[in-house]
């Protein structure tokens, strides 16, 4: 029996990725597409400015694009809502949906750091999902809210997890080169970025620095304890790339490790937290390590593992931080947004929540 | 009396910048343009693929492009040669020129780390020029060799110098987003970089990590002592920008300083080492600090101070490294190459070497 | 005695170019900067997203950005208003200004084809200015309205004028590759144009096809008669270039001419209609012809004649249209907008209208 | 029984596309990969700078990259050689291969216009293949040589064919915006094309103007008669797009047709010459017509029909040429090169030549 799902904020880039991933999903039936009043009312294919490399799935093309309507979602017996809503709308709508019995998998940033909200990067911390019990009890919700991490953080933490487990991690310095799609369909005017770099992304550094600790933290009893041995500093920059965030990461390791040992540990990482569960969107290899000196590259590597793998390269020892440095690339609207959202929803199903 | 100068490697990007800066220079007369046999023999304007934003200076257009000829330079009583030669050619030619009495200001990397070779970023370490006496004595040269630092390093050290002087600096982490021009006219094929990033620049990280220590070191007696309190780690990446290297820098400060104090110190920095000397190519402000959250940007800020200023932005405290982090932008073929070379030559003249 | 001028629509790209050209103009004093209510109220330098290659002129930076206010302009004794207003605002405001005694030099498209409105590309049809007498008489205006042509048309007609005069012209086919700046500061999102072409620019083809006939027409008695021997068809496309429209033009010539003869006639063209008037913004050579097979190129040639020259290349015979084909490049926001506007205003002054 | 095939010039872009299309082809077995001496000797995956969006097919990765060796191809019983050799090498090698009994499907330009060499765009002129009999007889070859048209021409002629058949065509004006991949892996340095257009592609216009007549000509008796009612003029330009040539085409029609009628005829076109043959690489719809005003766009539409369809848009009447104008987009290294080559080879097999 397939679960009934809806996408809210269906016309933006993340909304488009959700639809691409859900249109033929083996476990989910896409029942409703909703967006702001302004765009709603026509069929989806004629309302959206579709920009993905593959055409709109035929089924989605013909669906009606509705204004956001909580009652309709409840009456329509929707099990899971995927939210790609803007923050200010999400803040208001998502708790109402949870109260009315719907499970919300949200890409919006509000609530991400609240202690009873799971912030999931499944291969890294699928077990944090257990906080849902506490969340539902405390808030009196028959549904629930789960959050997809910030894109940059999702990519970074996936690459860091095996190092945390194997060697212990202290200071982390992250400098990013982020894709245009992270700012949404019309977020970066071409006149501002051609032959240019914008060395600022609003709110991004704070998210990277705080969400990393929560994701790499531990679920204990009925709370998630942020990882207190780690400290992250970051500098985030926008460059002229369509999709794929590149991050230069410098990590202090608690126990000494050579570059080769780090590579080995990364390649051996299978995402234990969800391994063997058979989640359809889980990549075979969460981390792919390239040996060539000039990889990963966004255009060539961003679609590895159908966009769900991160690709690491240039692993080398770092004598200044006493650890290693490397670059990691991830697809920001798949691994860093919609793909991780769908993977979380699969986890919900597998665990029997819906 | 103007000094007689020549440019070797005149057709590449750095050669073009040298010519642009020298064509109407108040202290120098451009006498010879030389390049490899392959391109030589025609007039310069018809041999070069000129790519600068302003047209070729009329005078240079009509000059003959000659093959490299040491005898001719000596007979032609050339005082200073500006070398933009490839490393393998430079290694061989430059010492011969110095032996024959010519002062070589070189952008090529060989010899940069040799202890008797000044590696000058004039506002930072103009006093290192005094090692020339030792160099000439020891090597028996009637001329001399001086080196322009690696482009990324020149930009970084200019921004770091006031912090070193005022607060003391320990660990430094540098992640770069470097312009295409750094790879030369044809170095980066468009098919490799459009919608892409190349996370590797051959030899660059080693240069940044070692040259920084020498430039920020001290001239003592007859040797230059690298700064031993500093340790640099870097990750260097190529992005799709024509000119202007952007660097995200994280610095440990020995004495505590707020972001405001750091800004103040940077803005107060006047490049004491050459201040008041009246060198024509010296920028009024070596460091410009922008307050807007989204500056500096390569396209908008790279020509500040006619390309000789570096532009700093986003200065903020860094609790992980116990210091500050900021971004700095510099024009890689002016501040990071030809402009600094011309400034060094002006210093040579002012100090009476030629 | 300098004339008092104002810029309306001061924050857009064309507004920025007007300000750059007027800040130090020998004949004009920039008295007011006005824009929509939304942006007004602060000083200009803090309100505008300045994107030109040179910084904001110091004087303009400090000026107050006012909401549009006709009374203030009248009370302020403004002689000439430069309008870079959006069409819907311009349509309403510009006639009111003219009625109140102000001369309006407008870049907005409404009214361009009305028979008593001069549509000026000064080197081509400066004499059309004489229609102003009829315009003012008929409409009862103490001021007047003059229009800058569509950018693509301004560039094309400048290159076509000597061919019309010397050989006679029939059919014209124009295919364009237009710069991003033509769509305004935020008109083309980067996600839509990176690694892409948009083969459509709203309204552009109609403007090119109709305005060309008016500009190349004749002023007779009290009306401007469109050139009836010419017929234009066009296809307009947006490409990823910051500034500079490139046009491939195929022209039927009434009397046979070789490519060499066409080059000669273009190079001999001095813009007779304004020649010798000493207008400060007039380029020395309105048309520059390049002989290299691969020129003009936007990045290298768009600033020829301070952006006021057009650059022609690849002139070759065309046996299909019985004439010639060539490419022409012009700076779309200078030659195709603000620069031509300022040149028109200089003509107004020279002719004694203001 | 699969046919044995080889790719010559295997490391360039067209070579890469051939390999991508042939690695799992139902009718062909890829037996040899050959390239110049310089790159040969290692396994393919380690020799090539692979730049396609999908990874190297596993099988090809492990194949040895050999120097070009005619004897080996003969001894290896190769049926068909796909040649992506540079012109000067192709000119020499290809006739030798044909003499030794091999069928050569070549993307190189030499011999394209020779009267006994089929220049095939299969949906348009598959019947021209019958000239092979004459070619083999006259030249005494046991093999044969067939040519893939110039990329721009292949795309244009596919869109023009239904107009020629239905309305008759006279004058054609073509202005192109061509992708970087057309110049090969390293053909266009990024410093030359970023924020720029290069309005020249060596030899391209001549090819478009002459090859079009041959492709749209008729096979009669034992010669191919170029279409004498058509006359083509073109202007070719390089823009910053990775793949996909866009062409603005203006066509004189012999019998009057509305834009709607032209759209209808294009959509009805099924490529009769190969219809129903079951060739695996033939697209379902050779011509796709888009109704949106701003399509086709290279990034969004180039992979239609797995890169084998051309996408037409903006069909509108043209009163200047008495016909229509439209834009057409095709994938230059698939439809315009390797894909059409493989389709030709399938035709060879279907027709029983090999």
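Should a chain be cited, it is by its letter among A, B, C and D, assigned in written order, with residues numbered from 1 in that chain.
Assume a residue touches a chain if its C-beta (ideal position, glycine included) is under 8 Å from a C-beta of that chain, and two chains touch if they have at least 3 such contacts.
Only a predicted model underlies this, so the values are computations on that prediction, with no experimental measurement involved.
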Mind checking the rotation angle between the two copies, chain C and chain D? C-alpha superposition, nearest 5 degrees is fine. 180
Using only Cα atoms to place each chain's centre, name the chain farthest from chain C. A
Which of B-D and A-B has more C-beta contact pairs: A-B
When the C-alpha atoms of chain A and chain B are each averaged to a single point, how far apart are the two points in Å? 42
Chain B and chain D, separation of their C-alpha mean positions in angstrom: 48
By the touch rule stated above, which residues of chain B touch at least two different other chains? 51, 194-195, 240, 242, 299-300
Interfacial residue positions of chain B with respect to chain C in the complex: 50-51, 53, 194-195, 299-300, 303
In the complex, go through chain B and note every residue touching chain A. 171-173, 175, 177, 194-200, 202, 231-233, 235, 237, 239-242, 246, 248, 250, 293-300, 313-314, 318-321, 325, 327
Partner chain D, residues of chain B touching it in the complex: 13, 49, 51, 180-181, 185-195, 240, 242
